[in-house]
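Common to both upcoming complexes is subunit A, partnered first by subunit B, then by subunit C.
And now, the complex of A and B:
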């Protein structure tokens, strides 16, 4: 699942004994890292005792502190991943596919994972602007909502099935994305932030007030999707093992996430990604070398909206019930926090940040009343201790450059 | 006619509260170059602080509690800066934005948890009772008179402080050029703290009037109040005090108009307000009174 830029081939790879030693060391590092991450996620999912949650968080903090102390560790792990990309990819996908089996029958844990994955898709979408181009966007919650609502309305009022609503919802959200992007032609920074806030609040208020969107009560009874006659409400049977119905959506969301990661990687390495990075570094310089600043800004909004809409559609059909309060300004703020805490312009970092910040409130449920308070404090602490995010963006690397 | 006058009075009252909040946003942005997103939440803690003082010291009386709340909230702004916001001074602006949003969450939750029965709305007494006078058949309460009067007085005092006092000169110096101000022997941290105190105390006055005007205080009032105050500041042009006042009057005017004219006006109040924000920013990207800075390398 590596997205770091790597087309570089090692000179003198293979053959000699040290090189072979390095291959096995790389493979070991990759396998150990993926296992560790999967294991940590599992532990984080199953812990319920408050003390244990605190211990796990403390362990993560210590690990991060060590990474901060000695950047070589991070660099060496990243290097191993880059040299063994296909192995890392296969192992990562295999672990992700096998995960529901490890969790077994606990539907709550699978549900949490589905939500984490959907939020990851949203944060990857937001990362195009916030991370790559450094454009603030407080309207991702709104585009997410437009995706969810348009698909739900088509399904409820016109009997469309899930797969047919997907492209239409994505199109609707993309048009909206371009519309938010329009003012970015002239406004910047704080002003652009306010434009997106305004769009987000307007969409939320309209969803809340219109009768045909169900008002504050929202829409109920969105039919579950089915594929090849297998309804997603049925338990999933694979290799004689039965997984709860939520697993259907786990795999659907996972597919979407993989798609999002591939799209993100492709865009990052394309001229578009480069143009976004140039915008982030210096808008005037970018303009001076002939980058169409306005077009690339609007494109960032449109791509964000497109991906966010997919997440919205899957969410609507998964939960079967949507209300305006799922798509508030605060949701957008949470998404921005996840991107920033995870690390801007680093897809792996963004996903880790999203999982952490989605699961954290659930784990803090033991504190019930103090949940949000802790959430806010954790975010502020993270931003003060490691302001560049957990996993900051890495330098672009090109063929032949070590 | 009576209706029109009544709406005009509502407009001025709403504009007065919004301006008290907007000025804080503008001042903080002008001096620190930071969008202090939790400013609305800071301001709206004031009614809770006032009632809290009254609970702790029932003998103090309401007037003392109000004054105490304004001063305490002012210091709260300074403390928040000292604890958290100053750490993001050299960070990318986006970080500071998210940090202050998180700070807003923390503040709201603290009110909810610390104030007795904080999750529920509480009634907040009117700061001034009775009807002041009637004009063209419309009644004007003392509260509204006080709101408008206090707002005007506060703006006047702020102008005096900013443009006629040594402190104001230092604040403006830091706002114009931090490095040069430092070279001239000004301690920027002291100026930042003074700015936070002034902005938060001004916001507290606005927060107290907001709660008194609606007769309620709720722990999450700060979000919408803050968003509207921020919008007003941006409509007028951030970092510009006159702009903040003009922006507040325009925003409040449209809100009042929407409530008076649209059939379901109250529900669409925010939609109308934020549509105005969009329209203004599309045509005047730096606000009504702001000038778009010429970007230089």
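And now, the complex of A and C:
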């Protein structure tokens, strides 16, 4: 980037007037975008009247339509974020940390956010496969379940605490990831999808029928975690303010999400991310340049399983009760929809898609039995406005030579 | 460097190669000619390890039955049919993938890029462009550059001249000749017999899966076998 050097001049170093203007404009754009997204999320959380829900969705559709019509707007916003990365990062984290305070005592809203965040971790995990490497894995729900079950079983039967079960559950799920990866290696596309669907269904059936997993009733009474003597069942007191107990899990899930985002970012820009994109584009060409396709596909399965298990563990300890029906094939389909609607291979897009599609069913409760119908209509509407997903992968930045 | 001993390959029940024996010694530039459907691409895939022969042995760079993903590390650069670039990635990323699979260290990449720049100045001008948006000629150059950036000792090319304008074909073959002059071993699989025989030392002619002629390029140019295959 030849123009990048002059734009990155720090304000104090006597940048020229246009450069300084550019900096403040970038900061303004970043701040405005983050505030707008946070505000939109808040509105979407609190609206209950059906008409208002429709208005909010309509406003989103119009905004997306405008973005689609003039790509320069999106490019300019993305450019501002690119140039002011650390500012965007600090502001984004600050807003996320302050969010429960804005919501206050409404435990239902905080609960919804925790679920949104956990699902975001799952979709980021799936995105390594579906988005980066084009592996349609329909077994993410199962790896999520294996994480949740292994941690819950360790806690209930052996008295392990939350923190100790985390690595073990992640390991168990990763082994399972390899186990479904292996038979999948000989298949591709629709056939690969079928193999993963079968694996997911098998796990669901096993959880349902084994005695030691509690059968269809599942596992009850998973103890809440605690940290430095503070139990997660107690309300959280910060700066003289009291937040409901759910806020403990909000921050735990948020920590996990940030970890997932960092891992995703590092992988995306690494040789591994590039190799995944290469085998997504053309497997034979990838092999011709010496990429070990089997190894990289297995790696995608393992990374997916590892992160999904973390989400499963947090979910199990948060809700305190898990059953096979939390981890069905339908969960995997939902996760896949979220990745596709959000935008393949773009972490921010995937998170936005996940929040939207996790909250949507809650907002459509008034339609009761027809809820899924409206859900489907909204998905179709958004995809026809933005066929590539809400925020698809942008051109990779190249970090090999400058 | 490349040795095929009585190699037969079938797709299901359909035989594609019949008892093909072919040798490319170190430092040689050998071309393999043949009309459409002769089995040229099957032979490329067999050499590249993309398909396993039904019978016979394949040795590439001293290694028997080398799998495709290991072949690059053995110092073999592959230029597959239709270039097969990664269209959604930039030229630089395409080159980077060609480099990193072979040589793990990053330092040599810039050096490799410089070498590429000397052979194809235009590739360097296009580094940040998406490979899918390049012209056909540029894509052909990038595909060759991607195979070369890991500094292979053996180069195997499948129909590199396909779809190129005559002027570009001449330029392309001049580069191949130069690589050979610098010591590379080249197996050039081509339909364009005239151009290929002009730069090659030896040639094989493949027809319906069998080698029907195997001689010095000079002799093949005058041979009636080649003429009959192409013009009858």
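The working rule: the second predicted complex is superposed on the first by the 381 of 402 C-alpha atoms of A that agree within 3 Å, B and C clash if a C-alpha of one lies under 4 Å from a C-alpha of the other, contacts with A are read in each partner's own complex, and residues count from 1 in each chain.
What we mean here is this: a contact is a pair of C-beta atoms (placed from the backbone, for glycine too) under 8 Å apart; a residue touches a chain by one contact, two chains touch by 3 or more.
Predicted model only: the values in this text are computed from it and were never measured.
*Asks:* Considering only the touch criterion stated at the top, classify A:284 as touching first (subunit B), second (subunit C), both, or neither.
*Replies:* Both partners, subunit B and subunit C.
*Asks:* Could you say whether A:274 touches subunit B, subunit C, both of them, or neither, answering first, second, both or neither?
*Replies:* second
*Asks:* Looking at A:183 after the superposition, I want to know if it touches subunit B, subunit C, both of them or none. Which is it: first, second, both, neither?
*Replies:* The answer is first: A:183 touches subunit B but not subunit C.
*Asks:* With both structures placed on chain A, which of the two partners, subunit B or subunit C, ends up touching more residues of subunit A?
*Replies:* The partner with more contacted residues on subunit A is B.
*Asks:* In the superposed arrangement, which partner chain does A:358 touch: subunit B (first), subunit C (second), both, or neither?
*Replies:* Neither partner.
*Asks:* Mind working out whether A:246 is in touch with subunit B, subunit C, both or neither, as first, second, both or neither?
*Replies:* Touch status of A:246: no partner.
*Asks:* Looking at A:140 after the superposition, I want to know if it touches subunit B, subunit C, both of them or none. Which is it: first, second, both, neither?
*Replies:* neither
*Asks:* Pick one for A:201: touches subunit B only (first), subunit C only (second), both, or neither.
*Replies:* Once the two structures are laid over each other on A, A:201 reaches subunit B alone.
*Asks:* Touching A:383 in the superposition: subunit B (first), subunit C (second), both, neither?
*Replies:* So A:383 only meets subunit B here.
*Asks:* Classify the contacts of A:191 with the two partner chains as first (subunit B alone), second (subunit C alone), both, or neither.
*Replies:* A:191 contacts subunit B only, not subunit C.
*Asks:* Which subunit A residues come up in both lists, the one for subunit B and the one for subunit C?
*Replies:* Residues common to the subunit A contacts of subunit C and of subunit B are 282, 284-285, listed in rising order.
*Asks:* Taking the complex as given, what residues does subunit A use to touch subunit C?
*Replies:* Those in contact with subunit C are residues 271, 274-275, 277-278, 281-282, 284-293, 395-396, 398, 400-401.
*Asks:* Where on subunit C does subunit A make contact in their complex?
*Replies:* Touching subunit A from subunit C are residues 48, 50, 68-73, 78, 80, 84-90, 92-93, 96-98, 100-102, 106, 109-110, 113, 127-128, 130, 146-147, 150.
*Asks:* Quick one: in the complex, what on subunit A touches subunit B?
*Replies:* 130, 134, 136, 182-183, 186-191, 193-195, 197-199, 201-202, 205-206, 208-209, 282-285, 329, 333, 336-337, 340, 369-370, 372-373, 375-377, 379-380, 383-384, 387
*Asks:* Please output the residues of subunit B touching subunit A within their complex, sorted ascending.
*Replies:* It comes out as residues 29, 35, 84, 87-88, 91-95, 97-99, 101-106, 108-110, 113, 223, 227, 230-231, 234, 238, 264, 267-268, 270-271, 274-275, 277-278, 281-282, 285-287, 295-297.
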